[in-house]
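Both of the next two complexes hold subunit A, though its partner changes from subunit B to subunit C.
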Partner chain A sequence: MTFGFAERIARLVFLGAGLALLSGGPAAAVPIEFTDEEIARIASHGPWPPDWRGDPGNRASGNPAAIWLGQSLFFDARLSANGRVSCAACHRPRSGFQDGRLTARGLARGTRNTPGLLNVRHQRWFGWDGGHDSLWSASLRPILDPREMGGSAARGARLLKSSPSLACHYREAFGKPPSADDPDFLPNLAKAIAAWQETLVSPPTPFDRFREALADKDAAAAASYPQAARRGLRHFLGRGQCATCHAGPLFSNGEFGDIGVPFFVRPAGVDPGRQGGIKRLLSSPYNLLGAYNDDATRGNAVGTRHLRPEHRNFGEFKVPTLRNLTLTAPYMHNGSLASLRDVVRHYSELDEDRLHSDGERILKPLMLSAGEIDDLVAFLETLSPPAPPQPPLPPPGALPCPARR
Partner chain B sequence: MRSPVPLSALAISALCLASTIASTHAAESKLPIFDAHIHYSHDAWDGTPPKAAIAILRKAGLKRAMVSSSSDDGTQKLYAEAPDLVVPSLRPYRKRGELSTWVRDETVIAHVEERLKKYRYAAIGEFHVYGADADLPVMRRMVQLAKQHGLWLHLHGDSDAVEHVIRQDPDARVLWAHSGFDRPEAVRAMLKKHRKLHADLAYRNDHTSGGKVDPAWREAFLEFPDRFLVGTDTFTPERWHYIVEHADWSRAWLADLPPDVAERIGWRNGETLFAAMMAGKR
Partner chain C sequence: MKSYAKRYPLAGRRWRQGDGWSVLLLAIVGSVAASAFGACPPTVADGANLVRDGLQLAWRPVIGGSPIAATAIPMARHFAIEVQVCSGATPSGATLAGLDATMPEHRHGMNYRPRIVALGDGRFRAEGMMFHMSGRWQLEFEVQSAKGSSRLFDDVRVR
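The block that comes next holds the complex of A and B.
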């Protein structure tokens, strides 16, 4: 008699549970096995990292001079109106490029939680409201926003002209000197910053190794994946239907949803979320339908061309990636949930009346037990690297120019 | 010696006056809207108190708003504040969270009967019911009470539920919330089959795109210009901040219809359907 792979995994896990009992560890007598269908669904969350071929809308994508320039600018507070706020002020490298605050704080306090930047190159829409359709245009907005950095073309040009190295790398990346009068100048700055952010990819996680072990039918390697995380993964795929939105290698379908999180903004008003984001995007001169998209085919603008705000978009926010969550608390668009346990509890106790019953309803209160909440949290924790990845630092100030190719 | 008023100041005053007249004229020339789908549930009361809520409805240029709430106290608060504007509808939910349980909870019947004795309404609803659940005792009693009090039933459900209700009372007056989220062809078929059935368009976008009316929906509106109403659906308190924008959005797509059809769908149908209530009769 031979066991199938799933059965062998189950036996190994059962053995592991027995050992845990003997050693006084947490009791877990129920073997966790995955069906072939579940294994196929688990496989859909990889491989990690996924293929990526550069951004056709950004001529600086993958350009070494632009990447160096972008990294320098990301950490340079002189881009801001008061000279004290850099991109890194909110996107802190050691925190998954998040800041740990409920809402961002640039020149003024913002209304949204700072999104992390790891793996940002794989996103389709940018920002909690998807108000941008490219990483470079999303990088330009905070530089100019008076509540964030309050910068300008003139300030940016002065900064680059004050530094031979920055100016040289700009020329190397874009084939002309920096000039505030050049309409391409601000988009080019943003394209350089985006080119650097495209390099921010997080390492494989315990989940990725488990997924690979399942794919390779390597029962021994799979056995190291914690029992609680397996139970949580099963809830994630099954009863929770979490993978409906948190799909693919990024654990996000890249779209937007209303999960019943209030979206009032103090002292009065609301954050319209995706509805406002669509309007903002369609009216922006920097969207992919505009003159600054470097993809001459405009093949990358199909999604933007078909966008129309709908009633349901009011109060919808981006389905975030679930990778690196242990680095990026607090959670939700307004930072209103402090911990992963709070997030899982939110889904467990969902207020159905806040969700419109338009068509098939995906979200239902999961009514999870305390143990089931622990399991889901344990699973989510395996989507982060066990140790924080080594954060990138500002580049040394005087790299030779032109940059090496 | 008085300083002469500079010409530039006079010019600015004249401009301001002209601008005020223009904006007043613009407000007056806006198509009135009968919003048939407003909720004012308990979690909206603190953030948007009754006076502020009514100010929003007036700012939106609503001629009238049919309001229902969980609990019904919200509706009564708004009705007391602006009886000229608010058309009360009795939602059978005593609190949030009864949306999917009410139809099997027979204590709802006594609650609805008590409210009907105490207050005046134009409708019972909006309530949620699907398929054969519309034949459960609670729903049957709602149909009886609507008949007894001459009220509309604001029903959020599928066409099957509507059929069950009309089988119970062929004269039942049903306002089909969201037009059942059904296709325009199916909505037309239902309207053709049931001459007292009316439909609201709340929370729908498929009938219009970029201010133009979808061809299939246009046929429905032109065939049944007296049977459709518009509505916002403020199902969360945040959506009170969407009423003004929704009214303007409605005006934009209605402008793509013949003016008399636009007026009927925009407000006249609501006035006609709920006229008895507004005149102070049962």
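The block that comes next holds the complex of A and C.
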């Protein structure tokens, strides 16, 4: 890869000034200072973790018995039709709850990349197409989906009844015994699994510490943030306009966009993205407008109630969070980009013909130099913790249910 | 009483939020009139003031039941907008028939369709708004009165 024009000019200027004699090249010698405007925009990507007050739509949210039950079920392959596929088969704790495959493989091969589950409690829409409006309904889909786990209420109830400890925790969480005939049973299983996923929060990152140091005007604390990441951060906020969509503490506005990732699926077909997601959501008995939403005020259903389907939704996918990306390769809804460098190159060489004519106008090929690509990658890497967070402890199943608080 | 157009010589122009004279004039009027939301004519306390076709429209964003400044609308969060339409010192009898917002530079609008609830006395609330990206959003209020339909615009910058 050759250096971009701007960088070559910069090098010439520095050579002319005789400064390049100092090792490390020109950029490395210059500390990056941020303007007040930039510091304010950096501040908008925190604090970490953001405030969170439980899910009003899930009666099991924060309930210890439900969290225990949910954790057990997440790792239990007996929920699936062939007894071999658990949630954790695709959402592996060590990989940020992702599987490293291009597209998921359960009972059959899927067409979408498995998303990580760290910080999933902060999302508004679930699935690449936002086909679910709650964490619990997104957790129910894979249990029933014949391509993923192919389970059923009968299978779930059999599993719970076969285990005194699972049955006891179910009763403690929901106030009644598990029963396949109870219409609440499947939503309750999903609510317990959701309650557990709500505990998956990633630790603060080098970026978070830098952000805090800037806010505190603590130059010494800020100094450890790498120069390359600073330059990348500046591109991210400025020329790249990345923060227009990748906004806030999660680096996602929680909405949808079309950035020109192909949406054809083999052998012959298309993934309609958000357009299909809205249809799926509105036809589901488990959406927040339905009977299983535990928020009697329906105050949590504003988004669902006011959805506005548009032509442009075809081929739109959810703006993913940019936290923990070093754990969750490959990238995009179809896993088509293997590395962060490939992603940044995608934005650099964007094929405008591929973007919808009625789509987003802020995307332009960025034509980044090799150095600028390195810088953006360096910045993205600082949004992950230096080491993978500890996988959560296995459920302490040995404890008798009533002893658990 | 002087005609509206004489009292407000700039009326009929597209008034933008932050127009110094409008704010000053309305502040003076407001200091005389009662300042509770819903009293006519609107004051700065009622939010941003727009004037057109003999109508005065005040709007303010509301989150979780509390009014906030138009400059403080957070990105990618649902909010509501309270609107009050007056003609002079009385509620106008006009209805807020529509409210929408677009990002002219991006050539798209909101992902959500607001629903308008009439609160009585020329007051309305539009629920289910969301500005999902940073940048310039243009609000368009469609007001239906005896004289026909008027469109009033205002700009908001979301960070």
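One rule holds for everything that comes next: the second predicted complex is superposed on the first by the 366 of 405 C-alpha atoms of A that agree within 3 Å, B and C clash if a C-alpha of one lies under 4 Å from a C-alpha of the other, contacts with A are read in each partner's own complex, and residues count from 1 in each chain.
Keep in mind that, in the parts below, a contact is a pair of C-beta atoms (placed from the backbone, for glycine too) under 8 Å apart; a residue touches a chain by one contact, two chains touch by 3 or more.
Everything numeric here is computed off the predicted structure, so don't read it as measured data.
Visitor: Count the residues of subunit A touched by subunit B and by subunit C, then name the partner with the higher count.
Guide: Of subunit B and subunit C, more residues of subunit A lie in contact with C.
Visitor: In the overlaid three-chain picture, which partner chain does A:Thr244 touch, first (subunit B) or second (subunit C), both, or neither?
Guide: Only subunit C is touched by A:Thr244; subunit B is not.
Visitor: Once the structures are superposed on A, label A:Arg53 by its partner contacts, choosing first (subunit B), second (subunit C), both or neither.
Guide: In the superposition, A:Arg53 touches no partner, neither subunit B nor subunit C.
Visitor: Would you check which partner chain A:Ile362 touches, where first means subunit B only, second means subunit C only, and both and neither mean what they say?
Guide: In the superposed model, A:Ile362 contacts subunit C only, not subunit B.
Visitor: For A:Asn253, is the partner it touches subunit B (first), subunit C (second), both, or none of the two (neither)?
Guide: After superposing on A, A:Asn253 lies in contact with subunit C but is clear of subunit B.
Visitor: Which partner does A:Arg266 reach: the first (subunit B), the second (subunit C), both, or neither?
Guide: neither
Visitor: Could you look at A:Arg312 and tell me whether it touches subunit B, subunit C, both or neither (first, second, both, neither)?
Guide: A:Arg312: touches subunit B and subunit C.
Visitor: Can you pull the subunit A residues that subunit B and subunit C both touch?
Guide: Residues common to the subunit A contacts of subunit C and of subunit B are 308, 310, 312, 358-359, listed in rising order.
Visitor: Going by the contact rule at the top, pick out the subunit A residues touching subunit C in the complex.
Guide: These residues of subunit A touch subunit C: 40-41, 44, 243-245, 247-248, 253-256, 302-303, 305-308, 310, 312, 358-362.
Visitor: Going by the contact rule set out above, which residues of subunit A touch subunit B in the complex?
Guide: Residues of subunit A touching subunit B: 262-264, 269-270, 272, 308, 310-312, 314-315, 351-354, 356-359.
Visitor: Which residues of subunit B touch subunit A once you look at their complex with the stated criterion?
Guide: Contact set of subunit B toward subunit A: 41, 47, 70, 96-97, 99-100, 128, 156, 178, 181, 203-205, 209-210, 233, 235-239, 241-242, 246.
Visitor: Taking the complex as given, what residues does subunit C use to touch subunit A?
Guide: It comes out as residues 75-76, 78, 105-108, 110-115, 127-128, 130, 132-135, 159.
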